Structure formats: C-alpha cells, structure tokens
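Letters A, B, C and D name the chains as they come in the text, with residue numbers starting at 1 for each one.
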Amino acid sequence: MSTLETLRDTVRTFAAERDWDQFHSPKNLAMALSVEASELLEHFQWLTEEQSRQLSADKLAEVKHEMADVLIYLVRLADKLNVDLMTAASEKIVLNGQKYPADKAKGTMKKYSEL
Amino acid sequence: MSTLETLRDTVRTFAAERDWDQFHSPKNLAMALSVEASELLEHFQWLTEEQSRQLSADKLAEVKHEMADVLIYLVRLADKLNVDLMTAASEKIVLNGQKYPADKAKGTMKKYSEL
Amino acid sequence: MSTLETLRDTVRTFAAERDWDQFHSPKNLAMALSVEASELLEHFQWLTEEQSRQLSADKLAEVKHEMADVLIYLVRLADKLNVDLMTAASEKIVLNGQKYPADKAKGTMKKYSEL
Amino acid sequence: MSTLETLRDTVRTFAAERDWDQFHSPKNLAMALSVEASELLEHFQWLTEEQSRQLSADKLAEVKHEMADVLIYLVRLADKLNVDLMTAASEKIVLNGQKYPADKAKGTMKKYSEL
C-alpha cells in the first residue's frame, strides 16, 4: 500500500539519481512548490466557480498532474526539513478547530480574527 | 495508521460541520492552496539557501504548520475533484523521469526542453 | 508629476537607508513580489466574482495597500535588472495582440495555443 | 511621455476589443496577477542569488516580459477597482517607513513585529 513515506523515498531516489540535492535547499523547494501551486491555479483563473466543478476529462488530467507536482515538492521539502506531514496536518486541524469553532464559523468565511 | 484517506475524511467532516461546502469550489480551493504555498514561501524569502537548511525550532514549527495547510487544501481539492493523489503522484514521477532522463539531467536544472 | 522613475528612486533610497541592498537579489525580490501578489489574492479567495466587484471601503483600503506592495517590489526588481517597465509593457502588449488577435479571441479566454 | 494612465487606457482598449470585460472581475484579475508573478518567479527558482544578478540576455528578455505581464494585470485590476497606483504606493511607503524605522531595521530583514 502506497503512503507518503513510499512517495518520499521514490522522490529521494529520483533526485539522487540526477544529482539534484545541491539544488534542493528548503528555500528553493518552497519556491518550486509555490510555482507548481500557481500552475495549478492557472487552470482555474478564467473559469466560473460552476465551471470549475465540471472540468472536462482533458482538463482534469492536466489538473491532476499539477496537483501531483505540488504533492511531490511538498513531500520533498518535508524530507529535507524532517517534517512528518501527517502529524503536522493532524496538529494543524486541531488548531484550525480552535480558531474556527463550528458554531461561530458556520456558513461564513470571515477570518478568525473577525469572528 | 494514518493515510491521505483518513485526512480527507477528517477535512471533509471539518468543512461539513461549518457548512463550508458552498465556498469550496475547486476554483476557490486552488486559490487557497496557492495562498498557503505563498505563506510558506514567505518564511524563506530573505534567508540564504544555507540559512534555510538550518531553521530555528520556532521557525520550523511555523513552517510545519504552513506545510500542513498546503496539504490540507490539496487533499480537500482532490476530494472535490475525485483525484487519487498517490496515483497521480506515481504517474507524474514516471512522466518526469521521461522528461528528465537521469543521464541527461544529471547535475543540471535546465528545463527539459533545453536538455 | 509622479512617475515610475520617481517611485524607483524613492524605493532605492528607502532600501539604502536600511542597508537592505544585500537582501535585494533579483531572486529574493521575485519571491517577495510573488508573496505580495498572494497576499492580494487572499482578500479575494472566498468572495464570489460579483462580491469582488463591490468591495467595502475597508476591504478596498487593504487591497489597495497590497497592490502598492506589488508595485513597489516590481519597481525595485526592475531597478536591479535595469528593466524599463513601461517599455517592457508596451512591447508585451504588441506580442499579446499577435497571440490573441481580436477577431479570434473575441469573447473567449482560451489559451492562444487553442485558438 | 508614457505613464500608468496611458498603459491603463491601452489595456482597457485591448480588453474591450476582445470582449474580455466579462472575465475581468477583480477576483479573476488578482488570480491572473498572482499566476504571472509565479511565472516570473519560475525563472529564478533554481538559480543562486549570485546567478540571479547576472542573467543572460535571453533570460533577461523572458524575465522582462513576465514583469510586463505583472504590470499589465496590476494596472488592469487598479482600473477595475478605481485605485490610483502611484498614490497607493506613496501612501504605502510612508506606512512601511513607520513599520521599519531606518535605525531599527538597518541591516536586518526581521519582520516589523520582531524589531
């Protein structure tokens, strides 16, 4: 079964085989991650929200690969920083729940500082 | 054992309890993902590459939470688009390997079109 | 009369007074520009397109300052790279006109490669 | 003499000739601006800071056009929101000067909240 650890190892090998560790500073990886997130965003920029819910198969295939790139760089950055992504996400969801209690945040996207 | 599916379900419940599905169009989620990736990037913008390899514990804790937010929105977007992230990543790594063959890409970050 | 040249000089002095030239490599400035563009984006991420056309005065004031930050970093980067922004924009509009001829691009946001 | 007002008018005509006003909501323009800022960033992601100071003529030509796109969308967004960019930048520089007094901020990129 495939997990983030497996993916991390695959990406690590991929980089090692190409001698890319020298380029993979956390600073550069954070840039690459942000660039990939924007390439993903580009697919949606002129769509209405409704259209974004009904992507064609071709478009979805492209979007899927951009999402994959985001995940790959995120996992690579986590590897370099020794971050356990699943633990970090669990912790963050608890924090988010404190910032956005269900009763106060219901049906609104106001920032927590304005709730 | 914690997997992306568990995280997806947790995030789905979190959104449902707050009645946030109405805001979570793929377009909006792609925006939120990109915004979080930039908040992550912000931590690195004035650091040298070397400094980015040696974050203080405080800084790392902040960085970790930004990375968590990126993962959370990525998983949420994948849920909305019915994308299996692990499969997408596996496919993308194969494609990346074709674009960047190890012998040609060794030690260089040239774009595949320039290799 | 206020021009981009005046702004460039003001920003240059601002940086010099703070001894910030050492941080203002084109790489870092491109990061800062992108981070500011995302802070601008953040204001719009949960709004409908219609809501984004009718910002409150408070929101608009915030948005205005994010736009200012984008311009300031853009002008600063142009200074460091010796780019004349107005000339670059004029040239780019000519190129855009060739990629998107008015008759073909009318009423569609398809990419030029798909027109 | 070329000013931001001239550019605004040129871009306005460009959009009108293509019937693109329907797509140019502030929300969408903020997305496009952010995407262009990332395309600019992409050119720098694997360069060292030193390399980013010494771009080849070819690279610089590409970078210049990405900067132009950022400016074009910024001016377009300002037009839609009735923002005077030069005034906004002047105001923001005053605010930045208060957040980062020259004596405190000298030679450091700490956030104003940490000065």
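Basically, a contact is a pair of C-beta atoms (placed from the backbone, for glycine too) under 8 Å apart; a residue touches a chain by one contact, two chains touch by 3 or more.
These numbers come from a predicted model, not from an experiment.
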Any chain that touches chain C and chain B: A, D
Between the pairs A-C and A-D, the one where more C-beta pairs touch: A-D
Computed distance of Cα centres, chain D from chain A, in Å: 25
Chain centre separation (chain C, chain D; CA means) in Å: 2
Numbers and ranges of chain A residues touching at least 2 other chains: 23, 28, 31, 34, 37-38, 41, 44, 46, 48-49, 109
Of chain C, residues touching chain B in the complex: 23, 28, 31-32, 34-35, 37-39, 41-42, 44-46
Chain C residues within the chain D interface of the complex: 2-4, 7, 10-11, 14, 17-20, 22-23, 25-28, 30-31, 33-34, 37-38, 40-41, 43-44, 47-53, 55, 60, 63-65, 67-72, 74-75, 77-78, 80-81, 83, 85-93, 95-97, 100, 102, 105-107, 109
Residues of chain C that touch chain A when the two form their complex: 31, 34, 46, 48-49, 109
